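The structures come next, written out as structure tokens.
The two complexes that follow have chain A in common; it is paired with chain B in the first and with chain C in the second.
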Partner chain A sequence: MNRKVKGAAIFKDNLQNFFFVVPALAIFCIFYIYPFYKMINLSFYDWRGIGPMYFIGLQNYKELASDHLWWDSMWHAGYITLIALTFQNALAFALALACDREIRLKRFYRMVFFIPPVLSEIVVGFIWNWILNPQMQNGQYIGLLNHLLYSSGFPQLVHNWLGDPHTALTTIAIVHSWKGFGWGFIMLLAGLQTIDRQFYEAAKVDGASAWKTFTNVTIPMMLPVILVVMILTILGSMQVFVLIIAMVNEGLVNHTDVPVTRIFSAMQNTNRFGYACAEVVIFGMILVCVSFIMKKLSDKAKQA
Partner chain B sequence: MKTNRYVFWGMTQSTFIHIFLMGSALTCLFPLFWMVRCSFMTIETVFVDKALIPHHLNLGNFAIAWTKGNFAVYFLNSVIYTACVVTGIVFISSLAAFAFSRLKFPGKDIIFYMFVAAMMIPLPGFFVALFVLMTKLHLINTRFGYVLCMINMGLSMSILLLKTFFDKMPKDLEDAARIDGCSKIGIWWNVALPLARPAIAVIVIFNSLNVWNEYILATLLLSDAKLMPLQRGLMVFQGANSVDYPVLMAGLTMAAVPIIMVYLVMQKYIVKGLSGAVVG
Partner chain C sequence: MRKLIMLCSCFMLIVLAGCSQPPKPSNKIILWHWMTDRNDTFQKLAQQYKQETGIEVTIQLFAPSDSYSQKVIAAAQANVLPDIYGVLDKKSIVADFIKAGLVADLTDAMQADGASWESSLFDKALADKRFDAGNSYGVKPGIYGVPIDVTNEQMVYNKKLLAKAGIATPPRTYEEFIKDAQALKRVGITPFVSGWGELWLLDCFASNYAFNIMGEEKIFATYRGQVKYTDSDWIKVFNVFAELRNKGVLIDGIVTKGNKYAEQDFALERAAFAFNGSWSVNVYHDMNPSLDYGVIPPPPVSTLHPLKIWGSAGSTFVVNAGSPNKDKAIAFLKWLTTKEQQVVLAQETNNLPSNKEALSVISPILEEFAKGMDQSTHPNIWPLNEDPSVSEAFDKGIQDIIIGEKTQEQVAQDVQKVKDFQMAKGNH
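What follows is the complex of A and B.
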């Protein structure tokens, strides 16, 4: 009898406790778990968004495997990611190193470098689109960049940056880096500041050069942070989408397409929901693999 | 002689570092300055006048964007969405995080790891299935639907952050409150939430940035101009046949300034949040 009462009390207690997570769990199940399941499920169907659904098995995936535009878009995202990994992260690291000392205006720099990241991709895209404007009026370039190039004596460098298939992707990647380097900067600076000054002192006493200190002290100590920043850069850059829409708006589709724009247009323009879902599944799996490998690397770096 | 060379080398080095930092800072700020500058020009002067400070300042663009450009509506919508989503996330995630950290119930660990896993798995084209779901639920073109989706977006990260914070919180206060006859909900509201203020600030700032700047879901779920937030509204602008650049720049300024202000006020929490992600 007593045990039963106690059991009931515990049950009531558990139930009460469980109610704390019910709102979160409900939203999570409806807006995350279900779409997740639906996405995998739909990828086996031919479906136009409305009307009948035809089960076609792996047909979507087969088509995807030989879809050149899709794999091109993957390369484009890879190219943007590569520039973000090298140019953007090197810049962030260099700036973090420059700020990791007693220096005037340090707080100002830290404040300014994070302003581009808080802006939306739409705002950033439109501002740069306007600065890069290639048109002329009354013998003058409208866009600031071309105007500056022209009037400072480099007329041969004037270029339709976003309109030329050869430069469009690089231009987008650089603007993407402009917007993103602040994240890496703040994280790397935070990491640098946790390194014990004693290590630097010891290196100095041993007569190590600045470069030696950098490669033998700073880099190994920073490796875990560097890897975190790299993972976030890869995930962020592979999924770049809104910036591209804002900057070129489907103007150069086959040259500036990235996977997310393909997914979006499969869904919006051609109404092929099943195909879009297959694209999402493949793309998601690739990203999971990449972040898994990077995670393994960072665990290894932490152990060493 | 040798010391002289060191001093000289040290000075060139520090000059170089300063130039490098200043140059980068200018590159960050100049495009924004250019945006604000162009928002004060007219459609005639904006194409030809390249002076840093334009010769004729024209304040009319903001009024045009606000009224004719429908920005009054977009702006209000953005404020509503941001406020609702952030409030929702703070309440829902702190309730859940409190339970994960302090209370016992079966399946607790599994549910918690589900949230963590959701954060780790990148979902690039999640919007496809979400759109299908929202159509089924008849939540397309409703504020409620958009807010719920956005709450879901920020939930995992917020729960994880708050749980870590609650885990570190001393138990004494909680015990004292319990002895005083405080219920669990009372402890959450009176003890846990006030103590978690720094962590909540981090959640508020990051989720505000997220919601204010969100574009994809706003495009998919809201096609009614009366419901669109700012980012979506800007795209309507761009789509027009002949873009009125000064008015567009005024619109961009209106979308950018509030979030920059919020950032400047709550800057220390951003640094804290990001440092926590790396170091903690």
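What follows is the complex of A and C.
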């Protein structure tokens, strides 16, 4: 009898606890699990967004496997990510190191470096569109960059940066890095400020040079933060979209296509919702794999 | 515990009751639109309508049009469409909306009282959402939309810049256009701008010349797969763009330029010619009220077939077939397209009215645009359309020609490859 009462109490307690998590669980299921399930389900259909749906099995995936535009777009996103990982993060780290020291106007720099990330991507795209404008009016370049290059004695460097397939993607990647380096800067600066100053003093007493101190103290202590910044950079850069639309509209032929613009195009231009869902599934899987690899690397680095 | 269970149950009941509650008729109509430039006028007219009839029309703006389109599709899937909305998509998608029971058939209302409503509107504007008997979409014949304005895409030219280059009259042939472009270049003026970063505008320009070079029968035969894109006539269409590039007619960066930027370039007199729609009258007026310009159809390259421009309903509203306020929504649209309201819309927003009687009050520049309606056509009134994937390859191919990456023949082969693939899939 006693056991029965105890069992009922435990059940009541569990049920009570369960009811507390029901709202969160319901929201999670409605807004995450169901759309996720629906998207995977739709990827097996030929559907134009409205009207009848035709089950076509793995046809969308088969087509996607041989869609060179899709895989090219993946490479483009990879290229933007590579530039962000190197140029953007190196810049962010260098500036974080500078601001971590006792320099004048430290607070001002911190604020200035954080302006690009808080600007909307559309605004950044428009600003850079004006800076990179290749046109001339009354014998003067309208775009700031070409105007500066021309007036400072480098007319040979004047270029149609977004209209040339050789420079368009790199230009977008640099603008993306300019827009994003502030996040890395803030995170890396926060990381640098958590390093105990005693380590630096000890290194100084031991006669370590600035470089030795950097490689043997700063880098090892910053490794977890650097890895987090790298993971966020990869995920953010692979999904770049608004900036591209703002800078080159529907793209310079297919030279500036990235996976998200291809997904958007499949939905908006060709009304192939099933195909777009298949693209989303594959893209999502790739991002999960990349994150998983980065996590493993991060764990290994921490152990080392 | 009991209280908690009661609370959760109540919450669920409220949610379920909310979900299943059927909409009731009311004196309130909801209209979704995407036209930023016309929002204030719509709001004003809605106020006036409330005063006249007691019916409140809530005007809700969702811009830009791309986002609006997605919102409408999502609302259609969730069955939460408003009483009045627009389907800014291809005719095949409009057909899907109709077949899904989301768009009301307005034929009876249009043809009541001796078809007075139908006859007051431009036929070409009505054709945008009209489905004829035996249409290839399998839609019951009828009129499914109410055009509130008409639009067409032509070339505009800056009179001052042309005069500066010694050009007295605008070009009437493509040859003259190229000659004029050279004259403009000699005095340092960029000849031509357009927002060809937006593929539909590029497609529209190419389509004009395709009609001119090969005629509509051959175009439709290509869509049916009976003529290949490698045909010499299609190569001639591609040649138009190659020549525009080779002769330096196009503004730098045209293939990535959005139409807003192109409009700015023309309004600020950075280019002498632009290819744009009649809505641009309002845009140019806002950007540069003293801009002196005229309108011409794109100069034809051939005399074999007439050059056709795209022209049709500019903005068309449809009525939600499932709306409990369907009749009130139809009555509002009928009121909106009467002469008085069309005059207000035309004067305040500088758009071509859909009501023929309101044409008498439009500005001279809009009148020039209106003249083009006689030679207009539109994909929405064609018996069939090209597969969107093929159109995308076609437009991107033209971009390739403009940036000098591919020859006309290479592009033709690429487009044909996509066409063959789609034909093999049965998408034709």
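Following the convention adopted for this analysis, the second predicted complex is superposed on the first by the 272 of 304 C-alpha atoms of A that agree within 3 Å, B and C clash if a C-alpha of one lies under 4 Å from a C-alpha of the other, contacts with A are read in each partner's own complex, and residues count from 1 in each chain.
We adopt the following convention: a contact is a pair of C-beta atoms (placed from the backbone, for glycine too) under 8 Å apart; a residue touches a chain by one contact, two chains touch by 3 or more.
Predicted model only: the values in this text are computed from it and were never measured.
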Combined model on chain A where chain B meets chain C, clash or fit: clash
First, second, both or neither for A:Met111, with chain B first and chain C second: first
First, second, both or neither for A:His147, with chain B first and chain C second: first
Partner chain(s) touched by A:Gln16 [first = chain B, second = chain C, both, neither]: both
Chain A residues touched by each partner, larger count belonging to chain B or chain C: B
First, second, both or neither for A:Lys38, with chain B first and chain C second: first
Which of chain B and chain C A:Leu169 touches, first, second, both or neither: neither
Touching partner for A:Ser291 - first (chain B), second (chain C), both, neither: first
Which superposed partner A:Gln137 touches (first chain B, second chain C, both, neither): both
Chain B versus chain C as contact partner of A:Val242, first or second or both or neither: first
Partner chain in contact with A:Leu119 - chain B first, chain C second, else both or neither: first
Selected from 60-68, 150-158 or 384-392: the stretch of chain C that, after superposition, runs into chain B: 60-68
Overlap of chain C and chain B interfaces on chain A (superposed complexes): 15-16, 49, 137-138, 142, 249, 267
Touching residues on chain C, where the partner in the complex is chain A: 1, 4-5, 8, 66, 69-70, 73, 76-77, 89-90, 92-93, 96-97, 99-100, 102, 188, 190, 195, 197-199, 251-258, 261, 265, 268, 270, 388-389, 392, 396, 399-400, 403, 405
Residue numbers on chain B that touch chain A, as the complex places them: 17-18, 20-21, 24-25, 27-29, 31-32, 34-35, 38, 47-48, 50, 91-93, 95-96, 98-100, 103-106, 111, 114-115, 118, 120-133, 148-149, 151-152, 155-156, 159, 184, 188, 209, 212-213, 215-216, 231, 234-235, 238, 245, 248-249, 252, 255-256, 259-260, 263-264, 267, 270-271, 274-275, 277-279
In the complex, chain A residues that touch chain B: 13-18, 20-21, 23-25, 27-28, 30-32, 34-36, 38-39, 42, 49, 91, 94-95, 98-99, 103-105, 108-116, 118-123, 126-128, 130-131, 137-138, 140, 142, 144, 147, 151, 178, 182-183, 186-187, 190-191, 194, 225, 228, 235, 238-239, 241-242, 245-246, 249, 259-260, 263-264, 267, 273, 276-277, 279-280, 283-284, 287-288, 291
Chain C-touching residues of chain A, taken from the complex the two chains share: 12, 15-16, 19, 22, 48-51, 129, 133-139, 142, 160, 162-165, 168, 247-254, 265, 267-272
